[in-house]
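Two complexes come next, and they have one chain in common, chain A, joined by chain B in the first and chain C in the second.
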Partner chain A sequence: MRDTLTSLRYRYWPDHLLGEILSKRWTETAIPVILLLIIGLALSRSIDNFLSPASLADTARQAGEIGFIALGLALVVIVGGIDLSVGSIFALTDFCALYCLDVLGWPVPAVVAVTLLCGALLGAVNGVLIGYLRLRAFITTLITLIIYRSAYDLLIQRYSNAIASAFPDIPSWDFIGAGSVFGVPTVALVYIVIAIFGHIFLTRLRPGWHITAIGGSRRSAYNSGIPVRRTIALCYVASGVLTSIGALFFASRLGTVGGDIGVGLEVIVLTATVLGGITLGGGKGSVAKSAVGVLIVLLITNGLTTMNARGGVNRMALAGILLVAAMVDIRWQKNRTRIISKVYVAPTYHSLPPPPSTEIGQGGPFEQNDKLRNVESIGLGRIEAPEDVILDRHDNLYAGSRHGDIIRFLAPDYQKMEVFAHIGGQPLGMAFDRADNLYVCIGGMGLYRITPDGTVEKATDETNRSMRSVNDDSRLRLADDLDITDDGLIFFSEATVRYEMDEWPVDGLEARGNGRIISYDTKTGATRTELRGLKFPNGICVASDGQSILFAETFGCSIKRYWFAGPKKGAVEVVMDNLPGYPDNINLASDGNYWLALVGMRSPSLDLAWKMPGFRRRMAKRVPVDEWLFPNINTGCVVKFNEQGKIVESFWDLRGENHPMITSMREHRGYLYLGGILNNRIGRYKLDNADPNFVQYDNRWGKQS
Partner chain B sequence: MIAAVREFANRFLGRGDATITVPSFDGALRPNQKLESAETLLICESPEDLATDGRNLFIADGQRLIRLDGGTASEVRSFERPISALCALPGGGLAVALGGREVHLYASPSAEQPSVTFADAAFSAVNALAPADDNTVIATDGSATCGVDDWARDLMELNRTGRVFKLDPASKKITVLAQGLGHAFGACAHGNGVLVSESWRHRLVLVTPGSAPRTVLAHLPVYPSRLSKASGGGYWLTAFTARTQLIEFVLREPAYRRRMMAEIDPAYWVAPRLRSGLSFKEPMQGAHIKTMGVIKPWAPPRSYGIVIRLNAEGQPLYSLHSRVDGVNHGVVAAIEMGGDLVLIAKGPGRVLRLPLAGLAEEFSS
Partner chain C sequence: MKHFRFSQQEIVFVVFAGLFLVFSIFLRGFLTTDNMLTLLQNVAVLGILGLAMAIVVIGRGIDISLIAALAVPPGLVLQMVQNGHSLPASLLTAVLLTIAFGLVNGWLIAYAEVPSLFATLATGLLLAGLGQTALFQLDVVQWSPGMDGFEKLGQGTILGIPTSIVMFAIACVVVAFLLRQTRWGAYIYAIGDNPFAARVTGIPSRPIIVLQYVITALIGCFAGLVLAASVNSMPTRIFNSTLIYDVILVVVLGGIGLSGGRGGVLNVVIGTLVIGTMLNGMTIMDISYAGQNLIKGVVLLLAVITDSFLNPRNEETAQQGDI
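Right, the complex of A and B next:
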């Protein structure tokens, strides 16, 4: 009953998604967006006409104006600085535009050009001081804030009457402020265009990357040859220009030069920037974040104004939000990886019935014996981590090593050892094709092909991305074992899509079906995921019927069959389940049966823990990996099973002294060769009653002349 | 209320009592492999305790009492129940605990009949005996509910029912000196009190009549067991196994422990053991994986061998180890005889001998 509830709870509640979602970079934008939706919904419920076209257009106009300033500030913040003078620049450029238009009577294009130039110059002052003279951004822009503001105050004393008395009637000027295209205000359109360019600039263009790099680490950026000073200075110039664009729209909309224009604007824009999720420390941010932040701030201030809140309350609310947002931002940036690593591991319910007996005297197909006691060692102490072993038509023996090599031991005595090919990743399963190319699964890299002359070629390292997975599962993380069909289709297993190869124990702790089986067509080069949701799929072997493959699910303790052709195409059937150990590689035997390596044996304590996901989750959090309850992979055995899934024979090494671990085996000319991923040797065992002329790939592809 | 909230928060966050930290083998407890080089005097089926009258070495081996004289072992007598504790009494006598439930005192090792028999209903797991100065015998009883050999269950049930008794042969009176101990296992007279090993609390306490036990040595990374006097002042403290973070964690997981005790053969529990590596059904931890054919000595010990030399104040001076890749695990008794330290490694069933000469110089830091 309790187990049923636990199993239902873990089957239908996707625990693993939380960690995957949190580790996505877009979550940092998603949170402000959700906040925006909540606020929008709340305000539209409490204020009438909040979402009417007129109200929306008005909001869009304001949003556009502030949006430009926020874009500029975003650039400056991403590059690692801050610009407090935006409010004063806004006021000065507003004055500049109206002065040129109303007092000097210039044509509109000239007004626009001069205003932008004015903004650029004002920003350049900041830029030179901060970028080239290395002054502190905060104090510098605070000072320019005061200077620009004083300048503005002096100027409006003299010219405000002249500006206020002028009523220019220029259609193009009015279009800037009040025009709209298909109901969308001009300012919003221009903002959208510039925002799209800004997004491309920041994410796709070299200067944008430079800005992010400088914000992330100024010293590293300098050491990589990025012109740090110039880039920083230009960011302030850009901030000035963008502010002046906002001021232009403002000027044409209202046409006033009141004393309070731009006062407190820096707080609004700063709040928007931080609220959108642009980190004040620099190096992180996007245009989308800036836009979302602006909308949130505008909705809040407009909402408060509509609800008749006084100006003081409004500003206080903004300041409060700024404080909270900055705090959340800092805590999140500091603890992000820690939080993710804590919630990423999500064990699930995995129940296995009591295993068949293995004790001596209890009988049964798995009764332990000492047949493997006389295993000889090949390459003892000279090879490390031969997960799989394979023999070619000329009796040479190949095995992977953890140094990323394919090692070849030369027939007939296997004393001479040479590096056949260097790949760089840990070689796992291996198979020869018809033309004697060696296909190898490389943990962390994918499927590789080694031609008979030792040239290494990549076969595939990605497959189709599944639509329902949050993690990008198109890259191969842990290609494990493979076999090749008569038609040149390679089926290979990928043990897990959630972890790297060295993290296999974490996958075992989760005991979720994180693995899959993928096919690679040697003729077309196409890669396709065939099966997913498998519990650490491992060994693969094309069955004798040529229409199906047998595959092992290590943590599922089962062998299954998958039909890739014939009448049952696409079906999956259990061949053997509830094995007493963890199945690994499968290979053909000379008598038509199959060899199966059990890499480790089940222990009752882990079987119980697999039924208790909460226990394992806490263990993952509190206990270091070295002390976790592991699948026991110190003892294993080799079994032979037939087409019907019956165990024919088992081979054990009771003490495990000669050959501590078995991950693979390969029959060749009356001998069984044994590999083990944590071994420093290859085992060789003389089989009784085996065909002394059996050569797997002669048998498979026909003898070569 | 506040305590309950705090306890909940601790459990949730893994803080306070919920931490599973185990002190490291450091300082005087720095590991070595000295016990692996000890000479094996005798291999027997289930050695339990040692005693010496100065000339002969007596070994409790299951139901048999064995005398080791030089190189030859001879059976002195045998009992109906396994011997659970043994000690030599001043004047050539011998005290024997049988099955944890009764204590017999003999005037001499070969005496026909016991001079005194204590068989109190309170006895459940008498696991160590020690002579006291006033002609009495001190007995420690590990648990009121679990038998002597069932100590793993006692640990897993978080029992705190260990007791220390004083047995007076003259009046045949039994006095309880202390109770509520986390598995009392081993005692040695110390001044006017008794030093007692409190295994489940990983500490050594001083029990004095009429006052609460006082901690002498705490925060041991091992589960301490029997004590004996060392020549030149001080004590030999054995520890039958070492702590691991996994077991500390399991001790804080009631649901898992309950199901483990109900569903799994005790041999395969996640619990400390006196020997390990016998079956692949035993729990395996990450660091136990044999890599390139080697088991790491620093792997978390399912079984371990250690004896600690304490000074007269009960503070450690140095220690002798058999690490995870060793054999001589489960040291439950150590006594000095002549110039040698004689130990029982219960794991492999061995009686071991180490010459004392040079030990202090080699291992004292």
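Right, the complex of A and C next:
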């Protein structure tokens, strides 16, 4: 009863989603967005006319003006600095625009150009000081804040009357300030255009990447040849220009040069930036975060003003929010990976009946013996991690290596060894097609094809993304084994979509069906996911009927059959279950049966732990990785089974000296060749009563050797 | 490096002497006993604030909220006495408020790891906003009869020396003792020099950082009391002025590098003298407030640039997010 409940709870409650969602980068934007929605909802309930078009347009105008400044600050913060002088630059450029328009009487385009230039120059002062002279951003911009403010105070003492008395009546100027297109204020439109460009700039263009790189690590950016000083300086220039754009709209909207314009603006914009989730110290941030932050801050301040709060309350609220946001952000950035690694592992309920006995004297198909004791070793100490082995019709032996090579041992004595092809990732399962191309599954890379002359070509490295998956499962993380049908369809297994290759035991700890079987059509080049939710699918072999494949589920401890053609097309059927070990590769035998490698034997402790997901989750949270309970993979055996799923024969090495750990085996001309992913050798075992002319893929393609 | 530091002190002192000489010759009314006393009285509060700032800057921090600590707790004392509370009770409340404020600052910086400039910028706004909304009825808190006798802290003379200058001297001695004669002082220098090395050595860096900000806030509050006593009121709008930049100017010009671990009380004294002379001269020349700010800003900028050349930032120990 309790087991049933546990199994139901773990089958239907998606524990794994929490870790996957947290490791998504958009969660950091999602939190401010949720905050924005909550505040917006609360305000629209408590304040009348909050959502009226007029009120919204007014908010949009303010948001646009502050939004420009926030964009500039976002850029500067992402590059690893800060710009406190924006309030003063805002005031000065506002003055510049109105002075040119009202006192000098220049035409509007000239006013716009000069104001932008003015903003650029003011920003350039910061840029040179911080970028080239490497001063501290905070203190430097604090000083330029005073200098610019003093300059502004001096200027308005002289010119404020002249500006206040002028009433320019220029339609284009008024359009900038008060105009709208289809009810959307001009400033909001321009902001949207610039924001979209800013997003593309930051995420898709080289200079934007440079900015993020410098913010992430200044020294590494410098070492990789990015012009650090110039980029930083230009960010401050951009901040000045964007601030002056905001000031232009402000000037055309209000046309005043009051003494308190831009005072305290830096705190508002800074609050918006931090609240939006742009990390102080640099390296992380986006346009969307900046925009969301501005909206939140504006809603709060406007809401407080509408509710007649005193000025001090407003300031306190902003400062308080600023502190809390900064604190949350700093703690989150510091502990993010730790939190994710704690919650990412999400074990599920996995129940297996007691395994069949393998003890000597107990009988049964898995009874241990010592047949593999005298296995010969090929390439002892010269090859590392041959997960799969394969032989061509000239008896040359191919095997993958940990260094990302396909190694070829030359017939007849297999002493001479050469690198047949270099791929770069760990080669796993291998198969020859009709044209003698070698198809290889590469862990972390996908399915690759090696032509007989050793040229490496990518067959496929992505499949269709499933809509319900949070992790992007379109890329192949761990392509494992493959076989090719008569029609040129390649079926290959992807063991897990949640872990990288080196983390495969963790997938076993989870025991969720994270794996899938994918097909690749060699004729059309199309890739398609055939089966999902498999527990670490591993070995694949096209069955003798030519209409189905046999595949092993390693942590499901079972062999299943999947019909890809014929009357039962699409059906999955269990061939063998409750194996005493973890099945790996499957290959054809010369007598029409199948070879199967058991990479490790089940242990009662893990079997029990699989029924206790809570225990495994606590273990993953509290115990260091080295101490976790993992599947045993240091002893194993090779078995032969027939079409009905009956074990015909088993081969053991009791002492595990000559050939410990077997992940694959390949029959070739009366010998069985053994591969093991943790081994430094390839095993060779003389079979009794085997067809001395059997070459697996020549047999398949009907060729004679 | 030691040679450099020494020469920077010398340079600043020479600047002070030159400035003093030029003003004495060209400015009528500068070199008079009255003006000298005014100058010293005016800079006494600035000097005390400079000492407060020096402690955190030596510990590789900065405290922008110092002016809030100067304005709000002393303002609270005046307000409470005005409302009929006794002077000791009011003083105790103000000191408790100051300590609480220092603890908040220190906790944010040491434990929540918010950069000090940033944390104190926000907490300063918070405290000033609290004063503005909840504590004070008017922007300038007036003297009330209950405060009688307390004005001696800022007015009159002791042995012929103006009291505020004596207060500055006392503060100097206390801070010098703290920094040079106590273990905590040595820890502050160690943390400022290399925070990571200090922590690895086993120095309780976080409590010491909290202590720095508490002491700084307390000295700021003391400066505020002296200020209130000398002008018989507490103009709380002082928070909105550029006083904090004068304080930073004192510290940086005096030769206490912003990268921490260097300098002492003597640097503050020299910095105070230079700034005091400069401000006094500009006032006599009748330069407008904005003009004075502009000049101060430019001088501060030059000082920071010079500082960055003389005490370059240590890239190895500079923290990510240390902006």
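Simple rule for what comes next: the second predicted complex is superposed on the first by the 688 of 705 C-alpha atoms of A that agree within 3 Å, B and C clash if a C-alpha of one lies under 4 Å from a C-alpha of the other, contacts with A are read in each partner's own complex, and residues count from 1 in each chain.
Definition applied: a residue touches a chain if its C-beta (ideal position, glycine included) is under 8 Å from a C-beta of that chain, and two chains touch if they have at least 3 such contacts.
Here the structure is a predicted model, which means the values were calculated and not measured.
Visitor: Fit or clash for chain B plus chain C once both are placed on chain A?
Guide: They fit: once the shared chain is superposed, the two partners occupy separate space.
Visitor: Contacts for A:153 in the overlay, against chain B (first) and chain C (second): which applies, first, second, both or neither?
Guide: A:153 contacts chain C only, not chain B.
Visitor: Contacts for A:82 in the overlay, against chain B (first) and chain C (second): which applies, first, second, both or neither?
Guide: The answer is second: A:82 touches chain C but not chain B.
Visitor: According to the stated criteria, A:327 is in contact with first (chain B), second (chain C), both, or neither; which is it?
Guide: Touch status of A:327: second partner only.
Visitor: Once the structures are superposed on A, label A:203 by its partner contacts, choosing first (chain B), second (chain C), both or neither.
Guide: neither
Visitor: If you stack the two complexes on chain A, which partner ends up touching A:544: first (chain B), second (chain C), both, or neither?
Guide: neither
Visitor: Figure out whether A:625 sits in contact with chain B (first) or chain C (second), or with both, or with neither.
Guide: So A:625 only meets chain B here.
Visitor: After overlaying the two complexes, what is the shortest C-alpha distance between chain B and chain C, in Å?
Guide: Between chain B and chain C, the shortest C-alpha distance works out to 20 Å.
Visitor: Which of the residues in chain B end up touching chain A in this complex?
Guide: Residues of chain B touching chain A: 14, 18, 20, 244-246, 249, 253, 255-256, 259-260, 263-265, 268-270, 280-293, 299-300.
Visitor: Any idea which chain A residues touch chain B in the complex?
Guide: The contact residues of chain A facing chain B are 384, 505, 600-606, 608-609, 612, 614-615, 618-619, 621-635, 656, 660-661, 678-681.
Visitor: If we count contacts the way the header does, which residues on chain C are in touch with chain A in the complex?
Guide: 62, 108, 112-115, 117-119, 121-126, 128-133, 242, 245, 248, 258, 288-291, 293-294, 296-298, 300-301, 304-305, 308, 313, 315, 320-323
Visitor: Using the touch definition from the top, list the residues of chain A that touch chain C in their complex.
Guide: Residue positions touching the partner: 80-82, 129, 133-140, 142-144, 146-147, 149-151, 153-154, 157, 219, 267, 279-282, 310-316, 318-320, 322-323, 326-327, 330-331, 334.
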